[in-house]
Amino acid sequence: MGPIRRLGHSLVISLWFMFLTFPIMVPKVDTIEKTVQWRWDNLLYVGAGSFFLSLLWRFLLERKERGPFRAAEREQKPDAPTWADRLRGNPRALRSVVVILALAVCIFPFLPFVTTYQVNILTNAILYIMLGLGLNIVVGLAGLLHLGYVAFYAVGAYTYALLYYHFGVGFWTALPLGALLATLFGVLLGFPILRLRGDYLAIVTLGFGEITRLVLENWGEFTFGPSGIAGIPRPGLFGMEMNLHEVTIYIYFLMVGLCLATIFVVRRLQDSRIGRAWVALREDEIACEAMGVDTRMAKLTAFALGSTWAGLAGVVFAAKTTFVNPASFTFLESAMILSIVVLGGMGSIAGVALGALILILTPEYLRAFSEYRMLAFGVIMVLMMVFRPQGIVTGVRRVYTYTRKGQDGKET
Amino acid sequence: MTEPLLDIRDLTMRFGGLVALSGVGLHVSAGEVVALIGPNGAGKTTLFNCVTGIYQPTAGDIFINPPGGPRRRLNGMKTHRITAAGIARTFQNIRLFPEMTVLENVMIGRHCRTRAGVLAAILRDRDTRREEREVVERSYEILERFDLADHVNDLAKNLPYGDQRRLEIARALATEPFLLLLDEPAAGMNPKETDELEGLIRRICDEEKVSVLMIEHDMRIVMSISDRIVVLDYGQKIAEGTAAEIWENPAVIKAYLGEETL
Amino acid sequence: MEYFLELFFGGLTRGSIYALIALGYTMVYGIIELINFAHGEIYMIASFTALIVSSLLALQGMTGPAVLLLTAAAAIIFAAAHGFTVEKVAYKPLRQAPRLSPLISAIGMSIFLQNYVMLAQTSDFLPFPNLLPDLPFVAEYLPFLGATEFFIIVTTALVMVGLTLLIKFTRMGKAMRATAQDRNMAMLVGVDINRTISNTFIIGSALAAVGGVLIASHIGRINFYIGFIAGIKAFTAAVLGGIGSIPGAVLGALVLGWTESFATGYVSSDYEDVFAFVLLVLILIVRPSGLLGRPAVQKV
C-alpha cells in the first residue's frame, strides 16, 4: 500500500471515530439544570488521536503478520534473542542481576527519602505479584480463563477478619487457615464447573465472583454487610511493640518473604510432572487427555492451587489494611490481576512480576494517570492479545540436557 | 488360540439421525498390523474415537485383553484411563503441544506411568528427582530411536511436518501401549518419508512388541505392511482380509470407484 | 392471583428485554464461537446515546412520538457502529489465535468501553425520561399491566418476527446461517465471511440498542455499569436456551425473566442478581447444551 493510500485510509478511520464517539465525547447533558455542554475540543483529540493510532496500528499489524516469513528465512532460529533471552543465556549476568535486585529490595525501605507511604505502595505491588503468580497458575499455565479470582482473595481476607472478630485468632494462625479455606472453596467450585468448555468457565467464574461479593454485601449478620469489618490487627512479631513506620517495614519484608516463597513453589510446580500436564492441557486438551493425563484432575489442582494463593494474599491484605469490606472485591479487581498476567506474559514468573510492578506503581506515581487506570487495563488486554499475546516476557520452556551415561539427567 | 488384544463387537455410533458406525466388528491380535481403510466419511476416525473414549458408542462392546492383564470392557471408560490401560493414538490433524519442546511432548506421554503429585513437585524429594530423571532419560531414548534427538529442545511447532508426524508417534509410544492407533500417519508425507515411516511402523511392531491399528489412504503403505485390512464404507464393514483378498473384492472396488466403472 | 399476574407480566417484560440483548450474544456465538463480553457495553452505550439525544431534543422543545423515533434511531445507529468497530478492532485480528486470546480481548474491550463512557460522561446515575407512549387502552383492558410493559412486550415481539424473517428469507440471513454451520464451506461457495460477521455484529448491536432504549425508559435511570449485569443476564439467557440458537435465546430469556420475577416476588429481593447466576451455573452443569441446543460433537 502506498503512503498516500495509507494516509487516506487513516483519514477515513479518523473521520469514522469522530462520528462514532461524537454522542459520548462531545455533548454532555445536565438533565437537572437542563443545559448542554459542547466539548468540541474532544472531537479534535479523537480525530487526531485515531489518525495517528490507526497508522501505528496498521504498521504493527503488518509487522506482526510478516513475522512468520522472516522466521522462515532465518530457518532454525525462529525468534530473535530478546534481552531476556540473552540474560537467560548468560548465567553470570543473570546472577548479578538477581543479586542487585535482592540488595535493592532489602535496602529500599531504609533509604532516607523513602516514606512509609512509599513502602506501603511497594508492599501493595508485591501483594499483586503474589496474586498474579497465583492466577498465572490457572490462566497462564493451565489455560483456564478465571474471572472470579477475587472471590478467593475475599475468602482469605474475610477468614482472617471474621476469625479475629469472633475468636481473636491471630495473623499467623489465620494465614494457613485462610489459604486452606480458599483452597477448599476452589475445590468445591471447581468440581462441578471444570468440565465446562473454556468460555463457559470464564462466565461461570465471573458469576461466582459476583455472587461472592453480593453475599458479602447482603448477608449482614455474618459479614457485616457493605460497611465491612474494621480494626483487624496487623501481624505481630513476638509481641514486639512497633510504630506505624516500623510495622509497615515489617509487613514489607513479610510480603517479600511470602512472594519469594510463592516464586519458589511456582517454579518448582511448573517444572514438574504436574506443571507439564497443565501446559499440555492449555495447548491441546484433547491430545492431553489422549496422552493419559487426567485433565479434570489437572484442572482441579490448578484451580485449587491458584485459589490457595489468593487466600494467602487475602489474609495479608486484611492484615495490611486492617479493614475489609466487599468494595475491595469487585470484578475490577479480578480484571486488574488478569491484566497483570496478560501484560507480563502468561506462564512467565518474571513477566508477571514486571506486569504487577508496572500496573500497580505507574498509577501511584503518575497521579494524572490513576484516573485512567481501568481504561488502561482494558486497552492493555486488547492490545496485548492483538500484538503480543505472549506478554512482555515470553515464558520459556525448560531446557533439559541429557548425557548418555551421566547420572545428572538435567540442568537448567 | 489367544484372545485378540482389541476385540470390537457390533459397534454402533449414531449422531442424532446420522449413523456413523453400524454393527462393526473388528479385532487386532498380538503382533499384528491391521489397516483400516475406506472412503472419506466411512467412519474410520469415529471408530478410533469410540475406542479411545472420546465418543461414547451408542451400542456394541469394545473389549481389550492386555498382555498379562485381565479382559476389560472399554465402553464408558474415560480417555485417559484407556490410555493408561495401554491404547495410545495419534491424530489425523497433528495435535502436538505446539508451545512445548519436543522432549516435553514425549514427557507428557510418560505422565500416566509416573506419579509425582503437587507435594512431591514442591518438595522435590529423592524419589521425585529420580522419577524425573527417568522420565527424561526414557523420553530421550525414544526420541533417539525416532531420529529426533537433534531437536529435543526445539518447540514442537517449529519442527518440519514429517518430523511432527513422527513426534506424535513417539509421544504415543511413551505411554507404553500394547496397541497403537495411527490415524493417517502418512498423510502429507513425500514418498521418501513414507518409506521411512513404513520401516518405523515395522520396527515398532517387531521390536517394541506393539500392535498397530492404522487408518491410511496411501495404498502403497497399506498393502506392504498390513497383515490384515479392514474396509469400512458408510459405517459398515464391507470386507476384511489380506491385501490380495481385498484387492480382488468386488464390494471394495465398488466402494472406492463407484458403480459406473464396474 | 393478581399478584401472580403482576409478577408474570413483570417477568415477561424483563424476559423480553433480556431476549433483545441475548440475541446478540447468541448470533455472534453462532458465527464465530466467541462470547462477546463487550455486548453488554454496546447496550449501555445505546442507552447513553438515547439519553443524550432525547435530552437534546427535549431542550429543542420537541415532544411526542417523534422524540422516541429519533432517539431510537440514533441509539440503533450508534450501537451498530460500535458493534461493527469493536469487531474490527478487538476480534478480527484474532480469528486464527488460540481460543483464550479473543476472550481476553473481549473482556478488555468491555472494561475499556465502561471506563470510556464513565470518563467522558459521568459515573453517577442519570435519570432517564420515559419516552414510551402512554397507551390508555392498556389500563382499561389489562389492569395488571402498565402501558410501558405492554409497549415493551409488543415491540419485542415485533422485532423478533422481523429478525426471524430477516434470517430466514434474506440473502444476508442465508449467508449468516451458512457461516454459522461451516465457515470454510460458506467461504468456498462465495459467502463474504468478513461482511457476514460484520453484519452479525451490526444486527446484534441494533437489537441491544432497542433493548437499551426500552429498559432505560422502563427503569428510569442509567449509569456506565448497567451493561455488565445486563450482559451477564442476557448471556445466561442465551446459554439457558442453548447458545447459538435464536429461538433458544428468546425462550431462555423468558424463563430467566420469570425466574427472577417470581423469585424476587416470592422469596427475597436482596439477592435479585444472584438468581440469574445460580440458574446459569445449574444449567451449565445439568444441561450445558441448553434447553433448545443440540449437544456439541467434538471434532477430533
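Order of writing sets the chain letters: A, B and C. Residues in each chain are counted from 1.
By our rule, contacts are C-beta pairs under 8 Å (C-beta built on N, C-alpha and C of every residue); 3 or more make two chains touch, one makes a residue touch a chain.
As the structure is a prediction and not an experimental result, all values here were calculated from the model.
Each step here moves to a touching chain, and the least such steps from chain A to chain B number 1. The greatest centre-to-centre gap from chain C, using C-alpha centroids, is found for B. Ranked by number of C-beta pairs in contact, the top chain pair is A-C.
The chain closest to the protein's centre is A, with centres computed as averages of CA atoms. Computed centre separation for the pair chain A/chain B is 40 angstrom, with centres defined by C-alpha atoms. Note on chain placement: the centre of chain A and the centre of chain C lie 30 Å apart, centres being C-alpha means. Chain centres here are Cα means. That of chain B falls 46 Å from that of chain C. Shared contact sites, meaning residues of chain A that touch two or more other chains, fall at 286.
Shared interface positions of chain B, i.e. residues touching 2 or more other chains, are given as 54, 91. For chain C, the set of residues that touch two or more other chains comprises 298, 300. Residue ranges on chain A touching chain C, taken from their complex, read 16-17, 19-21, 23-25, 27-29, 31-32, 34, 36, 42, 61, 139, 143, 145, 147, 192-193, 196-200, 202-204, 206-208, 210-211, 214-215, 218, 286, 331-332, 335, 338-339, 342, 371-372, 374-375, 377-382, 384-386, 389. By the touch criterion given at the top, residues 33-35, 45, 48-49, 51-53, 55-56, 59, 74, 78, 81-82, 85, 89-90, 93-94, 97-105, 107-117, 119-122, 126-127, 228, 232, 235-236, 239, 270-271, 273-274, 276-278, 280-281, 284-285, 288, 298, 300 of chain C touch chain A in their complex. Within the complex formed with chain B, the residues of chain A that make contact are 76, 78, 265, 268-269, 272-277, 279-280, 283-284, 286-295, 301, 305, 397-400, 402, 407, 409-410. On the side of chain B, the complex with chain A involves touching residues 52, 54, 78-80, 83-84, 88-89, 91, 95-101, 103-104, 107-109, 111-114, 116-118, 120-122, 124, 128, 131-133, 135-137, 140, 152-153, 155, 158, 171-172, 175.
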